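Naming follows writing order (A, B and C), and every chain is counted from residue 1.
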């Protein structure tokens, strides 16, 4: 569970540039004069932390780490010996950070634009339009082929999206939920029975025999409740291996069941 | 709430409700005003729409529900709109109908109308006459309703080899009639199970 | 045709067209009135709807068309009555990608990824399947990479008349608002680190 929780939260970053912007803001430093040692240290700290948390650190983050280290070391190099062409020197001397700064500033523009788009999305969402009327009674002629038609797959997808955005009128409550619900209590008993029949142990996924939403939800809640009541024990030996569910009373219950 | 405001809210509610309309009890619930008062107001409102020459829509009462509809006087203009040399493109109605059929085939007209919330005779006719959809059998059950599906012409026109080349629907719209909350939960649960 | 009548006809036409909307040239054809006059009228009409407190609907301009829509003030009443739509708002990744495409179109995936600093296949797929972006040709050169651009549905989705209504691209902003989710992450990360 912990693993899942964090992998959701790391999505809060939209990549290494996003992470860097966050660090720059957190450290309250000037984006045009980034202290490379500090920022690199901070950045590496987070990369390491992601490793500690066993998060999958995308390769882009590692590439950026290498870039930061390279810039840092270039800045530590002694300045070039004065060369014969003194005049040119000041003009051509490049700050190793320039490219990174440009990238950060460029990315930040679109990150801000995305915020504005989000506001517009919300505003638009509070205004409701309606479906076109069926005007078949007014129709007289039809063209019986796709000839001259000028629509693309994108037009179709756009129309579909528009349909999905339309607000639907609520159906009367009576027609809504009629399916038979199974209770969590009942499912808990079933699960315990099931475990006993299988020498007190089953794979987690085997506790979801019915591929029906409500049943799966109830099964899941039943498992949680049983864990809470210390009636079962859930374990996973390593990432991605099977999750095993064990009855805590163990095999001794088999005889009594 | 003054009368103007109530009138304005009723108009927007009826507008959003579209073909399904709203009955007195729904209006009463949303506006938190007694049903009797609603009935009285609606009568008055109906007259207002009719007598106001600058209004192109009116309130009609059908099977106990109130709906907005265009005024009959304007039928000629709507006819002209339908007949006007259209921009060689499919209407929004036809496109969304086509999308529903493409992703949910085989599917009946009733089911399509459930999803769209409006009558769909005309779009179906248009699409069939252009050879983009066709009858693909009959549904089980009493009505033995026609099941619609897309044609080879459809694939051809959109440059698809087969239906599997249709772009996948975004995760969040896959289950059109699903209950969102369970969907979200179901999805993460499903992911957990299949990741193991 | 007097103004009242014209207004009434336009209202019924817009009502019939629904979210497909009508553009100036369609209105001009049906009403047999020059486009300039239509433009002027529509401006006036838009104001009428807004200033009339007893009207619950308004005229909005979306993706180059005029459409009727409910007034924003009534959103809360309508929400009591309708199911929330099945599609949720766009993810941060999708919004960023869309912003880049909107301001830099036509643009290739590689170029977008250069700007964002991360892979962008998934957001592009989501945006395309929602009909918010489309292929706008191919780039010159070896790979002939797909060039992406925004669609009419993009404009509609964000309530824009046309691309010129996009807010100017923020130039150099000093402060980015930290969002809570990230902060939360940092906090728990910090705790984990200090526990070691």
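In this text, contacts are C-beta pairs under 8 Å (C-beta built on N, C-alpha and C of every residue); 3 or more make two chains touch, one makes a residue touch a chain.
Heads up on the chains, UniProt names are B, C = Segregation and condensation protein B.
None of the values given here were measured: they were computed from a predicted structure.
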item: By number of C-beta contact pairs, the top two chains; value: A-C
item: Taking each chain's C-alpha mean as its centre, the one farthest from chain B; value: A
item: Chain at the geometric heart of the assembly (C-alpha centres); value: C
item: Centre-to-centre distance between chain C and chain B (centres being mean Cα positions), rounded to whole Å; value: 21
item: Distance from chain B to chain A - Cα centre to Cα centre, in angstrom; value: 32
item: Chain A-chain C separation of Cα centroids, rounded to whole Å; value: 23
item: For chain A, residues contacting two or more additional chains; value: 128, 130-133, 135, 152, 155-162, 164, 166-169
item: Overlap residues in chain B, where contacts from two or more other chains coincide; value: 12, 15-17, 22, 70, 78, 81, 91-93, 167, 173, 176, 178
item: Touching residues (chain side chain A, partner chain B) in the complex; value: 4, 128, 130-136, 138-146, 148-153, 155-164, 166-169, 204-205, 208, 213-214, 216-217, 220, 240-243
item: Complex contact set, residues of chain B against chain C; value: 3-5, 7-13, 15-17, 22, 26, 29-31, 53-57, 68, 70-71, 74, 77-78, 80-81, 84, 91-93, 167-170, 172-173, 175-176, 178, 180
item: Residues of chain A defined as touching chain C within the complex; value: 6, 9-10, 12-18, 21-22, 25-26, 45-46, 49, 52-53, 58, 60, 64, 103, 105-118, 120-133, 135, 152, 154-162, 164-170
item: Residue ranges of chain C touching chain A (in the complex, touch as defined); value: 15-20, 60, 62, 67-72, 75, 78, 81-87, 89-90, 92-93, 95-96, 98-100, 102-103, 115-119, 128-135, 151-153, 156-160, 167, 169-173, 175-179, 181-182, 184-186, 188-189, 192-193, 196
